[in-house]
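Given below, in the form of structure tokens, are the structures.
Next come two complexes built around subunit A: one with subunit B, the other with subunit C.
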Partner chain A sequence: MKKFLLSLLVIVSIFTANWVAAAADLEVNTPAISALKASMQARHSQLGPFYSSGAVGLTKDAFIAIKDATAVPLKDRGGFNSLVSAENADRTNLYKEIATANGHPEWQGDIQNTFAGRWIDKAQSGWFYQSGGGWVKK
Partner chain B sequence: MLLRAIFACLLALAQNAFAVSTISISADTITNDNAVVRSANILVDLKAQTTYTIKAQHIQYDKLEARNANVFLDYRGKPTLTFDTDLKQSSDKAWAKAQMHCLVPANLMQEVWQCNDGKFTAERINLPFALEVTPQPKGFAANINLQSANFSDEAGLHAAEKLTGHLTVVAKQEGDTLHFNSALNWQSGEVFWQPLYFANGGHELQAAGSLKGDILTLDNATLKLDKVGDLKFSGQVDTKTFKIQKLNADLPNLNLAEAYPLLFKPFLGKTMLNNAELDGKAALNVSVVDSQIKTFKISLKDANIDDKNHKFAFYNVNADIPWSYDAATKVSFSYNNGQLLNMPLGRTNIGAEVNRYSLVSPSIELPILDGAFKLSDISAAYINDNWYWHLRAALTPVSMPDASRAFKLPTMQGKASAEIPLVTYSGGILTTDGEMVLNVFDGTATVSQLTMQNPLGDSPKLSADLVLRNLDMGSLTRTFSFGAIEGKLDGDVLGLELLNWKPVKMDAKLQSSPGNYLKKISQRAVENISSLGGAGAAAAVQRSVLRFFKEFNYEKMGLSCILRNNVCEMSGIESTPGGYVIVKGSGIPAITVLGYNQTVGWSELVDRIKRVIEGNTKLIVK
Partner chain C sequence: MKNTTTKKWIISLSMVAILPACVTINIYFPAAAAEKAADKIIDEVWQLKQGQDAPADKPVEPTPADAPTDAPAK
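And now, the complex of A and B:
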């Protein structure tokens, strides 16, 4: 009986441990993460008008993509392209850093998937996001 | 060939008075070499004067396809030719439309064909044009005018709006060589050609040369960029592989102020030079053989380079940088003054010898404030797209009051000097061997194990060990308006890591130096130290007692912080149940300052220190 209880305890503790480990802390904070968030925050005010005009939209894999560059005047297009690629570079690093900070670099893909849904939930109405094979206006 | 035969036949018919009013020829398929015409219909109307209507439902020629093609030849008045068709490359999905209206000259092979109302339109393309072509023996001369044209690729990366310009081409075939002379005049309109953006026209390109097989030879070409400069070039390129077989280019007078935003900045992306302001003149000369740069020469004349993020600036830059693949060259670079991370730089002359991908210089002196950075035994190499260098560095004494002003720090006394036997830079990381000793506050601050990653880049990283010994707390507390403490301070900040110049990791320990010296702490300093400990901290004396005494004796004081993940784990010189001792008093009245916050958020701690210093500053102002 004692042995049984002990093994039960071991099994329970293993499962609990796994259960705890499986929940990634998306709000985890490290200096690298806060630097990335600050950089994205600073860029957001510049990207805002492009989300609203439909020049850029949220992709289903948690990045942003140029939806309609012609909505951006030619003179701003170079800056617009660099903004989009800088944002995506930060996002890649963010997912990587959060996975690393959780002690599971291999979770990067799952974390990225979770963020994809979060970004779309947080998006303002009128912004575009990818759904199925095309763009949808929120 | 076949079409030509039909035409000849029709023309012959037109000139003979047949009693026929219309002739209609239909064909399901006409095949000739690479051309396939389906459902073709030719209608000749012979009433009064003659008109010819040629329709074809589908034409395939090589990789080009046309559908609904209409050609209308009208001999009733002045002969005219009108055609319109849908066009596309076989691999494309969408069709474009092309149309043109030409006056047919009496002498088809010698006189000018004038075509107006030309238009080429597709989903993102609208090119209205006018064309004049004069056939010449074995060639032609053409004038093309583009009027307010717009185009864009699908991604919007290559696009033009309201583009108006003029192109003339004279071409002549001689044997297997096509000779040409062309001039392009871009009059107005904006163009974005990722990553370049031209807001307006005023640019010209002239090129004369020949095309033989895949080899394009430019004997003489000039690109005039409005306000920027004139580039003269000649050379040879394989049009199939885009390999440059030969190139000589000369840009004798480049206006840096105009060239930087137009031509350089778009390519500088995330480099430290991407947000600068430049002016002055530059000259550039380059020669290429078999896709390999053989020689180049860059000269700068009275150039100013000013980083808009204020990380660096160099004024009155003069440079003479020749380079050769085959021979060693001497380069020189000088500036009058400037700043690097707010550190003023004095007049500097740099000379070095460059041998293909390596550089050596016996010594470089960079005057800084009243001292100088002396670099010696410098050698650098560019290997596999990366720079590697090492040198010996010494800082001759710099006055701390000047340095603190430059770094916008409270004025510190003393002098700083350093001797670094070896500085190496490899893989983007700068590493130092040896120590930098700063003589500050009558004590020493020693920096060792210093490494830096992209110090001028977006997220500079620095790591170092800092050891403080015997700093005079009297002048330290006066400098930072902390409330007076008499005594000496030791500090060990080990494994310090700064990201964006902000501490992110360290094991820091500050404490009174061992030994016998005057140890007094003022009432204000006691209060300030208590407030650093947070709400829970308290001076273990009653307020009433504090009020009676302006200063106290202490035996020992110390505070340490182990910083990880933005949280500082605090401790003092001794542990107490639930807390730690920051100041241990001696004599009567004995004062003990205790801290209870075992962990403090780093930003909270920084705020507390700021509040203490600012609070005291205000007090002094009163």
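And now, the complex of A and C:
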């Protein structure tokens, strides 16, 4: 019986240790996540002016959306749409990759919600974000 | 003989009760850790906090330079 209790204790402590380690930090240093970050970082130099002009805004579900396409110069409009879709595709993959890298694909939605708040929090003033039913200028 | 059977039952029942409990704890979403991770990633993507822990080699824009920054005709 003593031996049994001991092994039980070992099993419980292993699980607890795992849990504590998992709670401390999320794994975000996988090659897939780094690649997505690099791609989004490169794209941001193009998207930056569009945030400032109000052509795009941050949505409440952690994506970006076209807010006012007329703010985009005519010559840039074709590329502008694909820029926005490419950014949203990267964001979807980013949320998914973080969830799977941590062994919990079902966390994707929670991670996305977390990002939604953080993108808006860190946005520069003058950028637009979705709140309630409409756009708000930060 | 009977004693061994009872013991086996106790062991299996405890396992059944304890293992899922541990797994349940493990699936709670770590909100604070997620915020921290999100902040780190957003800082990198938007290149905030430069000079702190920004990577030294910034990726150069891969697309051909069709800079939209030409002065618009007003």
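By our rule, the second predicted complex is superposed on the first by the 111 of 138 C-alpha atoms of A that agree within 3 Å, B and C clash if a C-alpha of one lies under 4 Å from a C-alpha of the other, contacts with A are read in each partner's own complex, and residues count from 1 in each chain.
Here is the rule we use: a residue touches a chain if its C-beta (ideal position, glycine included) is under 8 Å from a C-beta of that chain, and two chains touch if they have at least 3 such contacts.
What you are looking at is a predicted structure, and each value in this text was computed from that prediction instead of being measured.
In the superposition on chain A, A:D110 makes contact with subunit C only, while subunit B stays out of contact range. Once the two complexes are overlaid on the shared chain, A:I98 sits against subunit C while remaining clear of subunit B. When the two complexes are overlaid on their common chain A, residue A:V136 makes contact with neither subunit B nor subunit C. Of the two partners subunit B and subunit C, more residues of subunit A are touched by C.
The intersection of subunit A residues touching subunit B with those touching subunit C, taken from the two complexes, comprises 75. By the touch rule above, subunit A contacts subunit B in their complex via residues 29-32, 34-35, 39, 66, 68-70, 72, 74-75, 77-78, 81-82, 86. Subunit A contributes residues 1, 4, 8, 11-12, 15-16, 18-19, 22-26, 28, 33, 37-38, 40-42, 44-46, 49, 73, 75-76, 79, 94, 98, 104, 106-107, 110-111, 114-115, 118-119, 122 to its touches with subunit C in the complex. On the side of subunit B, the complex with subunit A involves touching residues 124, 152, 155-157, 159-161, 190-192, 194-197, 199, 266, 269-270, 458-459, 499-500, 502, 504-505, 565-566. Residues 7, 11, 14, 18-19, 22-23, 25-27, 29-31, 33-48, 58-63, 66, 68-69, 72 of subunit C are the ones touching subunit A in the complex.
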